[in-house]
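Across the two complexes that follow, chain A remains constant while its partner is chain B and subsequently chain C.
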Partner chain A sequence: MFFDSDLLMSALRALTPILLAALGGAVCERAGVFNIGLEGMMLMGCFTAVATSWFTGSPWLGVLAAALASAAYSLILAVGAVTLRGDAVVLGIALNLLAVGLTSFLLRTVFGVQGTFDDPSLAGLPLVGGFSPLAYLAWASVGVAALMLSRHVWGLRLRGVGEAPDAAATLGVSPVKYQYAAVLVSGVLCGLAGAQLALGNVTLFSENMTAGRGWIAVVAVMLGRALPFGVLLAALLFGVAEAAGFRLQGLGLPQQATDAAPYVVTLGALFLTTARRRRRTPATSTTADPTPTGAVS
Partner chain B sequence: MHRIKAVVASPVAFSVLAGVVIGALFLVGTGADPVAAYEAVITGSLGADGIGSTLTTLTSVLGLALALAVPLRAGLINLGGDGQLVLGGMAAAVTGLYSPLPAPLTVVLSLLAGMAAGAGYAALAAVCENRFGVPLLVSSLLLSYPAASFASYLARYPLKEPGSSLPQTRQLPDGVALATFGSSTVTVGLLLVVVAAAAYWFTDRRTAFGYEMRMTGLNARFSAYAGVERKGLTLRLMAVSGALAGLVGAIGVLSFPYRFLDGSLTASGYTWTGLTAALLAAASPVGTVLASFFFAVLQVGGLSMERTTEVPRELTQVLQAIVIVFLAARLRFPQWWFNRRKEAV
Partner chain C sequence: MSRRSRRTLPLAAMSVLLVAGATACNAAAKDDASADSSASAGGKSFTLVTPDAVGQNEFLKLAVTGVEAAAKAHDGTSKVFQSTDTASQQQNVQAAVDAAPDVVVLVGFEFADLVAQQAAAHPKQQFLMIDACTTKAFDNVSCEVFREHEGVFLAGAEAGLLTKSGKVGAVDVLDTPVFRRFSDPFAAGAQHVAPKTKTGTRFVGGQSPFDDSARAKEQANDLLSDGYDQLMAAAAAGNYGVFEAAKAKGAFAYGVDVNQCPSAPGTVVDNVIKRTDVAVEKGIEQVLGGQTGTTTSYGLKESGISLTGLEKGVDSSQCVIAKHPDVLKKVTALRDQIVSGELTVDDPAAAS
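After this line comes the complex of A and B, so read on.
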């Protein structure tokens, strides 16, 4: 049978890093910061997790260090986009490029290898009930994020800042504070995503190992309309595509076809949802920019 | 004089300087002498041994920088350069291998096929935005992955060179190659790219289309109000962008080793270097050429820096990204710095 519990399990494993990163992206989106630096933040998390786990022998310290390092890294976006009002799109692209360069540079200076660092004594995360502990954390984060955004005063203020920053400021809510907080939260979540990828899904670091997962997370935020449960569904779609790809590879399909599957599925899903949304709101949205991805100043 | 001051006071000068200074800190951090390292970058890339390599790199970097600058001028970002580049290379390889025409015509046909493949694929990303409302940034990037996988599949299975252990096509027939200058690795491709840059400059400065493009980049709503048809503009700009990326792919295949080798076109990250150069120059034609040259020097010089100081060449990648971080954050020399100097004079 093609769709069985094994497939579901591997889909759920593939989904964890995307889900964590996408939740971070959703929080930023709600606060009005367009964050496409998820990929770079994740990659920094991957490297920090592996390096810390290697030198301390503890994967838990690796997870902690990854969260802190990515949060620190995300400050570049916060300072650049919120305080200095720079272009978030360009900053995000720069963050992704910087992460690739920085981690490759550190890989060679710290470990003296090029390409991949892989050692049998590198300690990965243990499995609890078939999943990494970070997977449970990711699922719990969906509920927490949904609750915070819809019920807690912080979430309401955060959304207010995203929707009408001037109105929020008039009411005494500092947009800068909430946007910084949102970016830092996304940094922490991306750090955890990176740790999960490098110490959970596999136990190694290789150059550019995130391989577009951060971008898939950006798309998951769009697909899920920045709602935590929407983002969960979108990430699940990607996880299933990836797991089904592996399965099909076992059935003799070339690896290249299955590699491309998640991206094609994601794009297809975007077509379907935006087409449906357009039918619902005809003609009104022709002049307005649908997303904040437009211009470079 | 006023112009010089404006250039120095611009965020570009500040960003480049910041990149160089932070790079020096990295060098000191790894125990290397920053002066010797930067000297190695310059002599290694502009000296007699390095200039050929720099010009070869410049061919790819400038081609892709132009490809990304064209849509950027109108405020659009094409993140799918890698996919368009690879498809262009693959189309050129297939044409070169199977064209029945004489070799010189086959070369021209290969270049055109590469441009057509890149243009078509980039136009697909534009259609995704225009018809389906998927932002260009995302559609172009997502389309890039299947393109790379498809080309990789072709190079590994149907078109693989029999008996080879590498994922590559057969070598192109004799004569199906771009002419080189003397014994160097610099090909006529450099001329093609320079001509493209000149055409971009002319279009940008002297034509109505260039004006529409710049207006849309400066203020999309204004240009829409003035009657610029946004969707058509997106489609045309993306097609041009993809054609240029495809051209670079075709040039790569028609130069040494005269075949499509899986991963070789994208391995050096020229697409991202090109994007960095286009962003640094704010897509202005002359600026894009200068920025591309700067990054080609960095990239080639990085190799000789690695040989002399044992600092990994990945540092140049870090430098590039730092320049863009500072640029995007719109940092510049503070105004008082200039006023103080004026008083001193």
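After this line comes the complex of A and C, so read on.
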């Protein structure tokens, strides 16, 4: 049987870190900050989670520390892009590069190892019903984010800031405050994504272990048009494509072909969604989302 | 607009500086001379250039051991230049050649082109390449390559003897002939001892196949959910993911390069080890003895490739195989057959 519960579990495990990071990216996107530093923020979360869990013996403290550390790290983007009005793309790339160097350096100084830190006594997150508690948190966050953005005054103001910052400012809503908050929220979510990857999916830290998941999250934000449920669908698409790819290898499809599966799926979905959007809304485009073209890592 | 871009520039410069700063930190860790170079009087001098930082990289650590042993044997000195990226690899090779030691030892395929350039420019300098070779032969470049497939075959035989489900699989890095040396012979070895064994391989692939332990773990899970109970782990950093998956399902795994049993005691059965130290030491002997420009292959016969279970210290290795002396006995017999040439292992990379 091709589609069985193992495949679904595998897909959902693959999806969780991407979903958390992508939700963070979506919140930023809605506030008008294009955040492509998800990969780097996530990697900082991975390292902090593992280091804290190792030294305190508590994976929960690891999760907390990861969220705080990534939020602090995301301040670089907040200060740079919001206060100093720097280019968010340049800053995002810098965040990603810096995270790889910084975590590798810290791995060496803190643990005295290179490449991978792995110890049988490193405490990972417990499994509840086959998933880590962070997975449930991720799914719940989708609903919370959707509700906040569509109903709550904070969410409405955040969207207002993203779509027309000057108009928001004249109405007494501080764009700076909301954009800072959005970037910090994305930092927290990426920290959780990192903790999920390093203490949930596996229990170890290895250099560059995010391995492009942050970039996939960026694409998920675009594909889901920064809507929480859209992002969930996009992330699900990636998760299923990846898990199915592994299984297709077992059926004899070459690895090079299965590797391409998530990207083929992305391209296909992009064509479908843009075609549908064009037909539905001929000329009026008021949303602040960037044109999702060719932005695959 | 112009105001905006003016404000952007210093920021961009700042981020570049930040990144450069991080790289500088890495670069600061290189160039540690492991022996006192000024003390040498008449002894031989050897310089080892590594493609990555040595740190806990067991494979590179062994190369350092080899160079140090050679220096000791010749009452000479050894230096280790650790690279961190392509740029520092180039600088380190240049620095090594400029100092003109008796032998420059380089580990890894990364150096093939650099050595080819340097060997042509400095015909009197002797080079020793480990685990790779230049495409064109040079009189002053000696190479040493490994026949990993022989060791993987033996690990596969262990798996074939130990499997309860009759299914043994491998999680490999990439689907290329060189990496297939870690999966195809595993299947062949298992089927040699138990012809009915079912085999399967998953390749990690993806954006960074060597770092992605979460992906490797899912690949292993896919095999495990299909009933596979013995997994060859040849996925670099992903190996730890494979071990975690096997441990969770009570299955068994096999490591590579060095003894990986301590990272998952009770799960890792055995390891295909590469004795880089032996290769480096023997290679230096050969070069000093005047036999240069040749390629030497190391396998079971030359003790360049082995299994943890076949080496001294099995009992303290934390490997599962230590509890199966009967299996080890059969595998030892197989090794002897391969060493004597009675049995040959197909090399997936030979056709290329």
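Some notes on this structure:
Here is the rule we use: the second predicted complex is superposed on the first by the 254 of 297 C-alpha atoms of A that agree within 3 Å, B and C clash if a C-alpha of one lies under 4 Å from a C-alpha of the other, contacts with A are read in each partner's own complex, and residues count from 1 in each chain.
Criterion: a contact is a pair of C-beta atoms (placed from the backbone, for glycine too) under 8 Å apart; a residue touches a chain by one contact, two chains touch by 3 or more.
What you see is a predicted model, and the numbers here were worked out from it, not measured in a lab.
Touch criterion met: A:36 reaches chain B, while chain C stays clear of it.
In the superposition on chain A, contact is made by A:259 with both chain B and chain C. Within the superposed three-chain model, A:94 lies in touch with chain B and with chain C [touch as defined at top].
Shared-chain residue A:120: touches chain C; no touch with chain B.
Once the two complexes are laid over each other on the shared chain, residue contacts for A:86 go to chain B and to chain C alike. In the superposed model, A:212 lies in contact with both chain B and chain C. Contacts of A:202 after superposition: chain C is touched, whereas chain B is not reached. Judged by the touch definition given at the top, the superposed model places A:104 against both chain B and chain C.
Contacts of A:14 after superposition on the shared chain: chain C is touched, whereas chain B is not.
Touching of chain A by both chain B and chain C, each in its own complex, is seen for residues 80, 84-87, 90-91, 93-94, 97-98, 101-102, 104-105, 108, 212, 215, 254, 256, 259. Residues 6, 10, 13-14, 17, 80, 84-87, 90-91, 93-94, 97-98, 101-102, 104-105, 108, 112-116, 118-120, 197, 201-204, 206-209, 211-212, 215, 242-243, 246-247, 249-250, 254-256, 258-259, 297 of chain A touch chain C in their complex. Residues 36, 76, 79-80, 84-87, 89-91, 93-95, 97-98, 100-102, 104-105, 108-109, 212, 215, 218-219, 222, 254, 256-257, 259-260, 263-264, 266-267, 270-271, 274-275, 277-278, 287, 289-291, 293-296 of chain A touch chain B in their complex.
Residue ranges on chain B touching chain A, taken from their complex, read 26, 30, 72, 75, 77, 79, 128, 132-139, 141-143, 145-146, 149-150, 152-153, 156-157, 217, 220, 224, 269, 272, 275-276, 279, 282, 311-312, 314-315, 317-322, 324-325, 327-331.
Against chain A, the residues of chain C that register as touching in their complex are 4, 7-8, 11-12, 15-16, 18-19, 22-23, 25-26, 29, 52-57, 174-175, 200-203, 205-208, 211-215, 217-219, 221-223, 225-226, 237, 240-241, 244, 263-265.
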